[in-house]
Each structure stands twice: as structure tokens, then as C-alpha cells.
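Reviewing the structure listed below.
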Amino acid sequence: MIDILYFAWVRERVGLPRERVETSAATVADLVEELKAREERYEAAFADLRALRVALDQELSEFTAPLAGVREVAFFPPMTGG
Amino acid sequence: MIDILYFAWVRERVGLPRERVETSAATVADLVEELKAREERYEAAFADLRALRVALDQELSEFTAPLAGVREVAFFPPMTGG
Amino acid sequence: MRVRVQAEPFDHGAECARFGQGGRDVGAVVTFLGVVRDDSGAMERMEIEHYPGMTERAISGIVAEAMARWSLADALVIHRHGALKPGESIMMVATAARHRVAAFEAAEFLMDYLKSRAPFWKKEVGAGGADWVAAKDEDEGALVRWSDPLLKSNDV
Amino acid sequence: MRVRVQAEPFDHGAECARFGQGGRDVGAVVTFLGVVRDDSGAMERMEIEHYPGMTERAISGIVAEAMARWSLADALVIHRHGALKPGESIMMVATAARHRVAAFEAAEFLMDYLKSRAPFWKKEVGAGGADWVAAKDEDEGALVRWSDPLLKSNDV
């Protein structure tokens, strides 16, 4: 089981701020493919990975990163703080 | 008649903050030569012109600048504000 | 070093007055204040979303890096989230160092990182609708300046 | 735009609180505070001499140039003269602009010019005697950055 968090317009497109999923995906990219296969709203949220960022256990990471041992995955657009 | 002002260690070496002198010096450099010829304390103050700055009527200037029309000449070391 | 992520307003003047006081080796204090600007003239509010937990962690990491890299005597970051009106203060950064170049560089470094690496997202809400603020290429580009350790200040 | 040259202390926090308030186009406020540092550990006071008349003129000219070059919404310079103790505030600069890069650059420009072009001279007085502070080559060198108009910020 893994916690998935969504922020900003990713959250709006997916329609929820977080969910817990059962997955055997090896990498972040694999997890994205699983999600996209589930429903159209995921397809909309993950249409362009270049417009997205991912954090694994609250550290910025890459879509190629392995998911082994990870408890929390967060997807969001590029940050706009400051 | 021209007002001459001295600041920082130039003032200390000359021994006064300002004086009014009668001069027919054409340039700042000529005025410096006149002053150096007067007394040893001026010699000490103006020993190294590269260590000095000059302002004419409160505008930074050069030692080669003409004195025609100038009412106030100030000599001082490089500034250390801020 | 202090990091605060909060919905409540903060008092810029009071923070400036408190910051860097009494540090024996402090010759230079730089502060940055970010204010909500209404460029379109039609914004009702700016909504700032963040990632609780990661936000504090990411900012603390950035501040610790700045403290070490510029030998800062102190550093402060305050960043708000939630709904803000035009003219309200969004965030502030403060740095205290021996010399001005280090204080300026560290403050700019913190700002550049907060812009693109701290998990905040801004949304402008007006009569015409709501828009997520897009990240700017130049904000991403600003980080290049800090990636090379050779660019580090000589602390003059 | 305000320029103050004064012997009296100023209140950094209160000045920060007052500065840049209510400007419609202000998104970024940068402040710099200079503090008397006692590097030798033996300084009793710092004496700051200036050139009354020229000081105000030179600073006003520098501030006007910064206002124009970075399209500032506001700018402030306060510089003290007379005798100051270690830990006391010597001077401050504040800039308000639409964007952070302009506010930072303008504040650094003002500092670089105040260091080497405004008629102030510092003397450190201690038990062992008194020494005029020597101008630093790097302060003179810092001005090179601003001499080329092509280096001007794109205001991002």
C-alpha cells in the first residue's frame, strides 16, 4: 500500500487530494501508467509528464525512480512559491 | 578666492577642516603644488595623489580639471561609506 | 535559523526589528518581502496551496545550505499559505552576515530556491475565474547561478 | 524617494514597516542594514565623518539613477554620521519594485555606490589609538558590475 498525494491542478484533475492504493509498480513511471489505465481523470492529470514533478517521501525525485520502500508519492506541477 | 575643504586624514595632516585661499592656479594639480610649497604639513597631506580624491563644487572630479569658476575644492581619501 | 510556514499574517517591521539583533559578528542584514501584486487588476485573492510536512523540510534544508555556504550568523524564512488579498505580504526572507555580499547572495539564493523548489502553488482568483500561476522559465534559470561552487562569494 | 543623513539613530524595524506600503505595483521589497562590527575586539567606537551638502547631493543622485534604471516604486537611504558603538546601525537602504531581481539589484547598486562614491569616511577608535578605515579594492571593483547598461536587469 502506498499513499499518493496530488497538489494544485493535478489535485483538481484527479478530483481528490490523496488516496491509498495497492500497487506493484516498480517505478514512478509504472505507477503513472497504472493510474492512467484506471480512469479518464488520471489520463487528464498525467497527460504531459514534462509538466509534472514528483516527490518520494517528501523529497523531489524523478519519474524513473524505483518505488521500493517508498510510502508516500506526491504529484504536482512545477512549484511557484516565493 | 577659493574655499578649500579637507576631510578625514587629509584634514588631520593639514590641521584644519577648511580655509579660504587666494590662488591663480589653473588646475587642481597646480593648486596642490602651490599648497605643498607653503608648508610641510601640506607636503605630508599631498605626498601621494593616488591616495587622494578631489571634488569641485561638490562633484567628484580629477586633478587635471581646470579651476576656472570653481568656488569650493575638497580633498579627501577614497570614501568608505555604507 | 528559523522557518515558519503559516496561514496567519506576519509583521514585516517587527520581524526586521527582531532579526539579527545582538549578533557580535553581524555587519550586514538583508531582508526580502514578497507582496501579492494584482497585475490584471481583476484579482480578488491569491490562494497558496502547499505540501504540509515537505514544505518545512524543503525550506529547512535550503536554509541550512545557505547558512553553511555563506557562513551566515542567522537566517529566517516565513512563508504564508491560504487566501491572500492584493497588497498582503506573502513571505519574507532575512539573512545576517559579516559582509554585505554574503548577506545579499544568501538572500537571493533563498529566494531563487523558494520560487522553484519549495512545494507551494499559487492560484489567482478573480471575477473571471481562477488560474494556477505558471512557473517561469527564468525562475528555473535563476538556479543555475548557484549550482557551481566556484561561483561562491569570497565573502567580501 | 527619501534620503536622510543624520547623527541620530534610526529604527530599522519601523522604517521597514513604513517602507513600500500601499504601492499598487510593489511585489518585492528589499532592505539592507549596515551594523558597526568590531573585528579587532578592541574598538570603542566608530567615527563617521562626512561632507555636508555634497553627501545629500551625491546620494540623491545615486538614488535617482537607481529609481530610473530599475523602475523602482520607491527607494530609501538613511546614513548616519558621528560616533557609533559596535552593534549600532550605521545605515540602511530599501528598494521596492514589481519583481525581486530589480529590487535586489537596485539595493546592491545603491550599496556599492554608497561604499565608494558617497563622501563618508570611517575611523575606528580604540584603546590602542585611532585608524582611518582604508578603502577596499574589491569595493571599487564592485562598481564595474553597474557600468555596462547591457548588464541591466530584464526585470524578471
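Letters A, B, C and D mark the chains in the order given here, with residues in each chain numbered from 1 onward.
The rule is simple: a residue touches a chain if its C-beta (ideal position, glycine included) is under 8 Å from a C-beta of that chain, and two chains touch if they have at least 3 such contacts.
Quick caveat: nothing in here was measured; it's all calculated off a predicted structure.
Path length between subunit A and subunit C in the chain contact graph, taken as the least number of steps between touching chains: 1. A straight line joining the Cα centres of subunit B and subunit D is 26 Å long. Centroids built from CA atoms put subunit D at 22 Å from subunit C. Centroids built from CA atoms put subunit C at 48 Å from subunit B. For subunit C, the set of residues touching two or more other chains reads 34, 100, 111. Residue numbers of subunit A whose C-beta contacts span two or more other chains: 82.
Here the touching chains pair up as A-C, B-D, C-D. Every residue of subunit D that touches subunit C in the complex is listed here, in rising order: 11-14, 16-18, 20, 22, 24-38, 87, 98, 100-101, 103-104, 107-108, 111, 136, 138, 142, 154, 156. Looking at the complex, you find that subunit C touches subunit A at residues 34, 48-51, 53-54, 57-58, 79, 90-91, 111, 114-123, 132-135, 140. The residues of subunit B lying in touch with subunit D in their complex are 5, 7-9, 11, 55, 58-60, 74, 76-82.
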